[in-house]
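Both complexes shown next keep chain A, but they swap its partner, so chain B is in the first and chain C is in the second.
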Partner chain A sequence: MLELKNLTKAYGALRVVDDMTLEIAQGETLGIIGPNGAGKTSLFSVIAGQVAADSGEIRFCGQDVTRRPPFERCKAGLGRTFQVPRPFHGMTVFESAHVAASFGAGLSGQAASDFAAQAVERTGLLRHLNEPCSSLTLLDRKRMELTRALATNPKMLLLDEIGGGLTDHEIHELIDILNQIRDSGVSIVWIEHIVHALTSFVDRLIVINFGRKIADGNPKEVMALPEVHEIYMGVDIDDAA
Partner chain B sequence: MYDALTQSAVWRVKTPKSGLVAIALAAIVLALAPVAIGPGSLRLLVEVFTMIALAQAWNLLAGYTGFVSVGQQAFIGIGAYGMFAVALKMGLNPFSSVLVGGIVAAVIGAFAALALFRLRGPYFAIGTWVLAELFRIFFINTQYFGGASGLTLARVLRGIPRDVRLNTTYWLALALALGSTLLIYLLLRSRFGLAVRTVRDNEASAESAGVNVWGTKFMVFVLASFITGCAGAILYLNTMFVGANAAFSVKWSALIIFVVIIGGIGTIEGPIVGALVYFTLREYLSDFGTWYIITFGLVAIAAMIVAPQGIWGYVAGRFKYHLFPVEAEISKDLPR
Partner chain C sequence: MTGLIDMLVQGLLLGGFFALSGLGLSLSFGIMRIVNIAHGDFLVVAAYLGVVITGLFGINPIVAIALIMPLMFVLGWGLQKTILNRAVDGGELSPLLITFGLSIVLHNALQEIFSADFRSLDAGPVEVASLAIGDIRIGWFALSILIVAVLVYALVSWLMRKTTFGRIVRATVDDPEVSGLMGVDTKKVYCLGMGISMAIIGISGALYGIKSSFSPLTGGDQLLFAFEAVIIGGMGSIWGTLLGGLTLGIAQVIGFSIHSGWGAFAGHLVFFLFLFLKPSGLLSKGDSHV
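Moving on, here comes the complex of A and B:
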């Protein structure tokens, strides 16, 4: 469904995405971990189009989207959230979802309203439906990121640390939502520092360091690799198992 | 817990009628005004109405889409010169020529956008000003457009009775003020309006919600140029004379910004309130010479301190009332 071929992006001498080759199948769930500054968010930005690749190729659903603007990639079915939420301050929660349902999912009229309201309901923001996004707490802003991405009716979701700051209970709720989304055939790529939550959900895990993919495979096996241990000295690997 | 409700209920976006009713009432009352008031007042109202249209266009740009132009005078001047040119050189009726002025401004706006959209924030603002200056210099130096001495409509208006000319100009200005207010309001309530507001709030999020940010800005800019061009044409139809130094003066942008900020940026009511306040002040204070400019400055500063959201922003916040609510409110209707 998504194919990255030798994708590279550098800021001056700093390669934040370095010769990345990766394939993600339909319905697959992929976790991405790596230390801060490894280039995880940059990888999402290159895939979703906010940042242009220096070289390499991105194919989505069989089409070359490497040079396509982000809104076209969104319409093609690539939904993303931003690690640092970027809400529409002057719009309500409903309107934010509505715009995604209208333009991202291409719906109109009642269908668009319904789809938007459903996305809001799914992520637990229904009680804030008519409130401006500027009044949302940080956690709710993260939920808003997921709401907006969901309302575009994506084929693939790119989630950037939407679990940070959630309680264990909330993480479980989030994973329940993600399971439903996955069951409806959507591929999910999830960057998360909470490794045990991530490994409990994803089929496959990759580890990124200095923009490079250093491990790729079954989550348990990946977490057991010595090079991953080295990077994740501080992390309780038992949690992951 | 909400599931049961969702299955049986229908989501409905409220569509308030208050704004449409207000516009319809204003249209009826104001269209009849020429029977009751004299030529001096009609001329003043033409100014008020064109200012409302200018302010609506700028507010659409700055208040709703998030890009600040200080070069609106480019389109005022082009609209005026476009109208004068077709009326004088091609013999088209000067009243129909207003539309041509607007279209010329829109076309120039479309080409200007290609260059201006490469500039961000303050650079965009400066770019619009530079563009207006370029046009001023061009028109000053082009004999076809009368050069430094400008153009007069006297020749083509000679055959038209005075009250026909005054009344038609008045109705054109009224139609432009109400038409632009209505059009912008309906646009903002539509899905296009949602796109416009996402562009103002966050371009990256807008794109990742599927919004074509460049295309949205482009359409807004062209529409604002069209309205501004029509307003420019009507303003100078009202005075029957156009000169490049006045038409392309940055004072226009300063005035428009004053009106929108005082009235309430990012609201449909704001430009109307601001224009009414400005002309009231001008009518009462113009006898005081320089003091009148200073008073404007003080009023603007006072307003920004007391009510940074402008007069209408303050009123709307205080009384939770919008005559033209742009925000879509949704609720669940139980099936009947």
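Moving on, here comes the complex of A and C:
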């Protein structure tokens, strides 16, 4: 569904995405981990089109979208959320979802309103439907990010640390919602620092460091690799001794 | 007492025009973050469009507004699409410099085409007709401008609050990047925004051409008055600009009653007072901003 071929993005000498080649199938759930500054969020920005790739190719649903603007990629079915929620401050929950449904999902009139309300219901924000986004709590803002992305009717969701800052209980609620989204056939790519939450959800895990993919495979096997342990968890004291 | 009420009434009538013209400037700033330095010159362009259209078809300039507005809309759309959209991502300075350049180009182009002579649009007897309430005389034309201004404000406000278009505009103003990721073509939203801004400049410019004489170089004052209306009202606030325009109108009429040369001066004085005492304007950005 999503194919990245030798994708590279550099700021001066710093390569934030370095020769990335990756394929994600329809309905697949992929986790991305890596140290801070490894280029995880940059990878999302390049895939979503906010940042132009220096070289390489991005294909989505068989189409080359490497040079397409973000709004076209969104309409093609790519939805993303932000690590630090970016709600539309002057708008209500419903209005925000409605913008996404009107444009991302390409609906109008009653269909757009229904779809927006449905997205709000799926993420559990219905009781805040007509409240301004600026009054939401952190958990609800994270849900709002998800709501807005869902209302664009995505085929693939890029989730950037949507669990960050939440309690265990809140993360379980979130994973319940994500399970329902996955079951509806949407592919999910999830960057997360809370590794146990991530590995319990995804089919496949990749590890990124200095913009490069250093491991790719079954979550348990990937986490057991010594180089992943070293880079992600730091050197094990027992091994060092 | 009657004198005071008369001044207030005449001030409101004059302010109606400043408010209408200011709305065009307020929208381009509120939506695209573009300070349109060529605002006054586009007002003059609209007035000259009136000259051309009334000359070609022999119609009343008030009727010609029906043609001027769509023409100005297309001009605004085209300007945004071909020039300004390339600059909006680079901060607020680039579009400001571009419109400054446009202003100079327009001065010269208009002088080349129409000469530097003063012109005015003749709308016939309606320009001088008035009604009397007690000792106060109210000009029909000025009253019509005020009514049109309030109607245009109500229309724009409804558009922003209640329609899907308004929601997209508000989302784009809030966060253009996120809006793009929601599938909104923000560059197109900017084109529409500039189109609407210019259509309002179109109606203001035609009315300006009827109520005053103009030349290719008179746009500067009009930019200043519109700018003052926007600042007094509070930048980015639609209804604030209406209040700002009316305040400026009242200030000018009061100044004019003290001395015939003090009209604009009194307006500037109030503007400066606001800059010093309440720089955020009458309605600072709250619920009412675009």
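In this section, the second predicted complex is superposed on the first by the 233 of 241 C-alpha atoms of A that agree within 3 Å, B and C clash if a C-alpha of one lies under 4 Å from a C-alpha of the other, contacts with A are read in each partner's own complex, and residues count from 1 in each chain.
Just so it is clear, contacts are C-beta pairs under 8 Å (C-beta built on N, C-alpha and C of every residue); 3 or more make two chains touch, one makes a residue touch a chain.
Here the structure is a predicted model, which means the values were calculated and not measured.
After superposition onto chain A, the partners chain B and chain C occupy overlapping space and clash. When the two structures are aligned on the shared chain, A:Lys9 is found in touch with neither chain B nor chain C. Of the two partner chains, neither chain B nor chain C is touched by A:Arg182. In the superposed model, more residues of chain A are touched by B than by the other of chain B and chain C. Touch criterion met: A:Ala105 reaches chain B and chain C at once. According to the touch criterion, the shared surface of chain A, contacted by chain B in one complex and chain C in the other, consists of residues 48-50, 69-71, 74-75, 79-80, 82, 86, 88-91, 95-96, 98-100, 102-106, 108, 112, 148, 151-152. Those residues of chain B whose C-beta lies close enough to touch chain A in the complex are 2, 6, 10-13, 191, 194-195, 197-198, 200-202, 204-214, 266, 327-331.
Residues 48-50, 69-71, 74-75, 79-80, 82, 86-92, 94-96, 98-100, 102-106, 108, 110, 112-114, 117-118, 121, 126, 129-130, 148-149, 151-152 of chain A touch chain B in their complex.
Those residues of chain A that touch chain C in the complex are listed here as 48-50, 69-71, 74-75, 79-80, 82, 86, 88-91, 95-96, 98-100, 102-106, 108, 112, 148, 151-152.
Considering their complex, residues 164, 167-168, 170-171, 173-175, 177-186, 287, 289 of chain C touch chain A.
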